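Each of the two complexes below includes subunit A, the first together with subunit B, the second together with subunit C.
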Partner chain A sequence: MKKVLTFGVALAAMGSLVSCGGTDEESADSTSQATSAPEQTSAPDTEAPVVEDGVSDDGVLQVPQEFDTIQAAVDAASAGDLVLIDVGVYNEAVQVTTDDIVIRGVDRNAVILDGNFELDNGFRVVAANGVAIENMTAQNFTKNGFFWTGSTGYRGSYLTAWRNGDYGIYAFDSVGGVLEYSYAAGSPDAGFYIGQCFPCDAVVRNVVSEHNGLGYSGTNSGGNLVIIDSVFRYNRAGIVPNSGSYELCYPQRATTIAGNLVYSNNQPDTPAIDVALLAMGNGILSAGGTGNVIEKNRVYDHDRTGIGLVPFLEEDANDQIPTKDAWEEPCSESKLKDPVIPDGPLLWDSIDNVVRDNVLDDNRRADIAVASAGTDLWTLGNCFSGNTHSSSAPLALESLSPCGSALSADGDWVSGDLVVINWLVEVESAPPAVDYKTASLPDQPTDLENMPDASTAPAVPASSTPPVVDLAAVAVPDAVS
Partner chain B sequence: MTCRRARLAAVVLGSIALVGCAGDEATPNHTHGDLESARVMGRPTALHLGPQGDVGQFVAECDFSHSAPVDPIVYPGEPGASHLHDFFGSRNVVADSTGDSLLGSPTTCDLAADSASYWSPAVFVDGVKIDPILATAYYRAAVGVDGSKVVAFPTGLAMIAGDQSSTSSQSTEIVGWVCGGSSRRSSDLPVCATDTPLRLEITFPDCWNGEDLDVPGHRRHLHYSQDGACPNSHPVTLPQLTVAVTYPLSGEIFGLRLASGEPHTAHADFLNAWDPDRLETEVELCIRRNVVCGISDGRLDG
Partner chain C sequence: MKSLLVGFAAVFVVVGCGDGTSLSDTSVSSGSDDEVVSDAVVPNGQVVDVQVLDNSYRPLDLTIEVGTEVRFDNKGRNEHNILPDVVKSDAELIELLATDDSPTVWGVVSTELTPGDEYSHVFLEPGVYPYYCSIHGVPGKGMYGVIVVE
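And now, the complex of A and B:
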């Protein structure tokens, strides 16, 4: 009871989240719903203090051996503690509000949170800093598998998100993060998402995202944000950063997308939000993104573009597009400004992006492309160099807009134009979205790589400083044979 | 008035069956069906404008459940007495539903803990019933309100926002039509772009007298906060609930009517039956601590 009581006292000042005098079970009930523990190895005596009930004060809180539920253990944990979850299926939606704790499954493929299409988020980390979640699966949640919001310092490692109703793994309004060695499939929005942050100071690395509406989405995010060494395949669209005034901190900017394997993102039978239908058939698509660097990716087998820089049309805009001199403004400042709702739609052009040294093949409309809907393309400042490709839109794109040179109206910017406005019409005949609950997915993987020494490795809370990525060492990945 | 308007709508709509309105007219002295003017609750002095996320919030997305001529608040126990409503949230709503009876019932919302009921008048275009897609419920502190003061709705709290008897445009701070995720409300139907759905937004009062789950006339236990403060008569600060009902309509729309009458009779009802523990958790984590716990941007599954 000691740890629970301590936590309860800490919370007393801000409201009664836990029943301080109650049992572990009660404290869990107050913050999670529909909790049912897996078969236990020993039933805790709910009348006795936890410390006399076999809970050792070693900083490792074991579920279900010491706590009935994940929520009870999380509520009892203090900074630096490890919540270690044994094999089982847990019907919980866990809220995390304690800084600097680590929550880990002993077996990624056999520690499973299941929302049964009734619970909303597998884990929701609410303005708690430094929380790491490792080595487990979250499936069948109506919203997200793993979700951090309002947090500084977050890490998701060796996670599997399967068939969740919004995103697989989702970091919103959070900075200083790593999502790594993880897998997401079966969400109508993105498998992986980092949104509303600048600078984000985050890394997505060594992940696989497939059979989602979007492989990766990042609305209004960027600034030291790196997506690297990952696989995006069999989604409607692959990697799709975008701008929009429906969330704060626009525009999307300064994201590095490097060394990824992006292929066959034309999948017609996934769940999909409307934007995923619109973006369908593209490998890497900047939709109103700015200042991104897209390099050394291998991108092939797409119905539209391999790498496309296109505008994002926002009919229901909630603020004006900020002028360029405001793009360095951190999110913490820009979000405080009063919006000015425009009278008409906004066109967020893709601006100042660098596309270089990628290897592209069999992207049927164009391997590389830039487009707008009325803006002169040479004024946008995007550049293309060193890409292995056989088609582009406009036709001579690398000649027209090489990196390191000023762009001009000279040359043929018209021939081969993508005519991206047609996508707004073509979306009407796109294969319709499928309910995420019933969408056809491949067999759920049961042998995804586990965290090394999951049962014994010490707890390392998430750092707010992401790992330094050596971009010079990044190589174009091999194609799948 | 409710019934007269519904009947008028039925005549206009020809063969569309708006079931039974005879109830209150056949029993004119019946105490049920009395609904005071919304004016007694005041109106918000400001709305949250711009992108979502300027203040902490939590969001429930609730698919359309069913339509029925019932109204557990205004016509309790009188099925058929009300105009036709579209229901969201609890699937089990009947005319004599209460907060307690709905607790734990199956729900169309995206979290099982929200078994509350949300309803709005049915929508017809040229006499054809248009089933809505979903209702999105945004819970946050009203503009200027100190979120740390907000307490959760008690189970069974009955709220009605908007005036179904209105003969002209209502305050857009309470009721308005929008396109997609835009926060700009208009009292007239807007022309929404092809891929941007029409939504009806209704903002509920956020101050409570602390005593009554409902009152005769269904209004006076509640009030809108004014300039960030609740009046002494209604000292308990609640989350400000805004419900947005999304319809599969866009472009220029002619001949839209509500079961309650012209588009300016728009209104919505809320009968709280959230799991009390989970609701308390949401209010604590998202509103009192001012964290954006979820976003719903008006975009749709494709």
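And now, the complex of A and C:
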């Protein structure tokens, strides 16, 4: 964060130019380029796809069989269509502006978009709704692997983002989303990001994020946003929601982080933005987050905190911190308000968060922690209960701030204080960020789980209504042995 | 960078006003309509700020009087650019700026609008000036804005 100083912290059974069999004159003419099977021209009982210029109208646009490039297929697609990409390496940056299409690779590990460190985004979906991208890899892009912005309804499934220059998988100013069964590694910002949305109505589930600056980042996002059943490991920092007026729709709020395995986020050799350097060594870190529920996660092996609630110090801020009565205001309204430029830096405290029933171990500074820079901690309304832990900051945190009870100034809120302000100094000696183009990464996985029946499954555009997550069924995941 | 851009805008001002004739009877394409400007316009001394955030311009819509300076300040964490809708890329803008010195040609490339950078332009011709960031939007979608000069 260069200027803003920061916080304290899916073939379809198609091969089928065959089914050119329309009986009408137009279709017979249009199939002249197809060489196959005159016997197929006998009319089937059901309407068969028409082929024109080598392209069938069956709703499946094949790359490269029918279209030389992914972009050409995407541009030709209509709502409900499936762009189906065959095995190969595609040096393309694809832009999507058509609603309700599905773009799918036949093999997640062998359909590869490669930016060669020259192209910006693997996919950029701009203000198109209901676009689903499935089963492929985007690597070596200067910006993002997969990027949705201004979308209502989005889905990324079985995606791999590898060594991209900003985010791996990035949903901005978008609502109604699902990111699932995906993997991201080697980005200086976050492997996964959902930001500037309220309510977001989104689910991140069954993902793995590693060797990024941040495993997950969510600035000014929340409201029916669930991060669940995922693994965040070997990043500088694991899961880091934060508030800040450098994006709209502040503050960050109402996100549920549950059932995740978060470990060893101290990785010193990753690419990293400055926030990642500052947040390094923390598992789950709310930096100015509000009203989040963090439960039933297993968090271990961190140099600083397992779960920390800390402030975000924003210098040169762009608006005042909204008062609590404005926190329920949807993003669509709040972002239209005129700002009031503050006179000095803003301190976004973490407020009203619930931390319960997590299992924490070997988080060297503290398993669970809450901190501020000048605000009385008991006034922040954060609570901690039922966590398996051996250390906290302050020392008796669960006793001081149990969930379900009113907090008070009584008790020792000082001993063991995190002294989070020191992080601003310690960042100066943090292992420096490494260029994402050359950062040391593990061998690129080549056997990541594929979407079932990727070549034949029908196209299902993204719904704007995310799946309902049964939080009661979430369990603390097992540790990696 | 900041001073350079401000200086660049100032050059426009000088070019637009300096010889007293350059703006007169000049057919310009600003926004959707061509029009003939019959009177030279000079900066009116007013300055209006637009915040360049991640990934929005605030305010998104802006109406100003002719001669007003609009100052764009990158207050985000990422680089952005300001491209008139007719331009598709930084490279196109660079070429346009190098070949067309009319006062309706404006904008700044991403390498010159990194966090903390500022860009100013004095709008000397009435019209509608739609713009966008090619990194985070397309014309009229994503990160975009409109300036109406009256």
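Keep in mind that, in the parts below, the second predicted complex is superposed on the first by the 428 of 481 C-alpha atoms of A that agree within 3 Å, B and C clash if a C-alpha of one lies under 4 Å from a C-alpha of the other, contacts with A are read in each partner's own complex, and residues count from 1 in each chain.
In this section, contacts are C-beta pairs under 8 Å (C-beta built on N, C-alpha and C of every residue); 3 or more make two chains touch, one makes a residue touch a chain.
Everything numeric in this text was worked out from a predicted model, so none of it was measured.
Visitor: Would subunit B and subunit C fit next to each other on subunit A once aligned, or clash?
Guide: On the shared subunit A, the partners clash.
Visitor: For A:414, select first, second, both or neither according to whether it touches subunit B, subunit C, the two together, or no partner.
Guide: Once the two structures are laid over each other on A, A:414 reaches no partner at all.
Visitor: Look at A:318 in the shared chain and tell me whether it touches subunit B only, subunit C only, both, or neither; answer first, second, both or neither.
Guide: In the superposition, A:318 touches subunit B and subunit C alike.
Visitor: Where does A:345 make contact in the superposed view: on subunit B (first), on subunit C (second), on both, or on neither?
Guide: After superposing on A, A:345 lies in contact with subunit B but is clear of subunit C.
Visitor: See if subunit A has more residues touched by subunit B or by subunit C, and give me that chain.
Guide: B
Visitor: Examine A:149 and indicate which partner it touches, taking first as subunit B and second as subunit C; both and neither are also allowed.
Guide: both
Visitor: Thinking of the overlay built on chain A, is A:406 touched by subunit B (first), by subunit C (second), by both, or by neither?
Guide: It touches nothing on subunit B or subunit C.
Visitor: Is A:473 touching anything from subunit B or subunit C once the two structures are fitted on A? First, second, both or neither.
Guide: neither
Visitor: Now that the structures are stacked on chain A, which of 24-32, 42-50 or 78-86 shows subunit B clashing with subunit C?
Guide: In the superposed model, subunit B runs into subunit C at 42-50.
Visitor: Common interface residues of subunit A with subunit B and subunit C?
Guide: 95, 97, 120, 126-127, 143, 149-150, 172-173, 196, 245-248, 273, 275, 316, 318, 335, 338-339
Visitor: Quick one: in the complex, what on subunit A touches subunit B?
Guide: On the subunit A side, the touching residues are 14-17, 29-31, 33-34, 93, 95, 97, 118-120, 124, 126-127, 142-143, 149-150, 165, 172-173, 188, 196, 213, 245-248, 250, 271-278, 315-319, 335, 338-339, 341, 345, 424, 427, 430, 432-433.
Visitor: For a test of understanding, state which residues of subunit A touch subunit C in their complex under the given definition.
Guide: Touching subunit C from subunit A are residues 1-4, 95, 97, 120, 126-127, 143, 149-150, 166, 172-173, 196, 219, 245-248, 273, 275, 316, 318, 335-336, 338-339.
Visitor: Would you mind writing out the residues of subunit B in touch with subunit A in their complex?
Guide: Within the complex, subunit B contacts subunit A at residues 49-54, 110-113, 178-184, 192-196, 275, 277-278, 280-281, 284-286, 288-289, 291-295, 297-302.
Visitor: So in the complex, the part of subunit C that touches subunit A is made up of which residues?
Guide: Residue positions touching the partner: 51, 53-56, 58-60, 74-78, 114-116, 135-138, 141-143.
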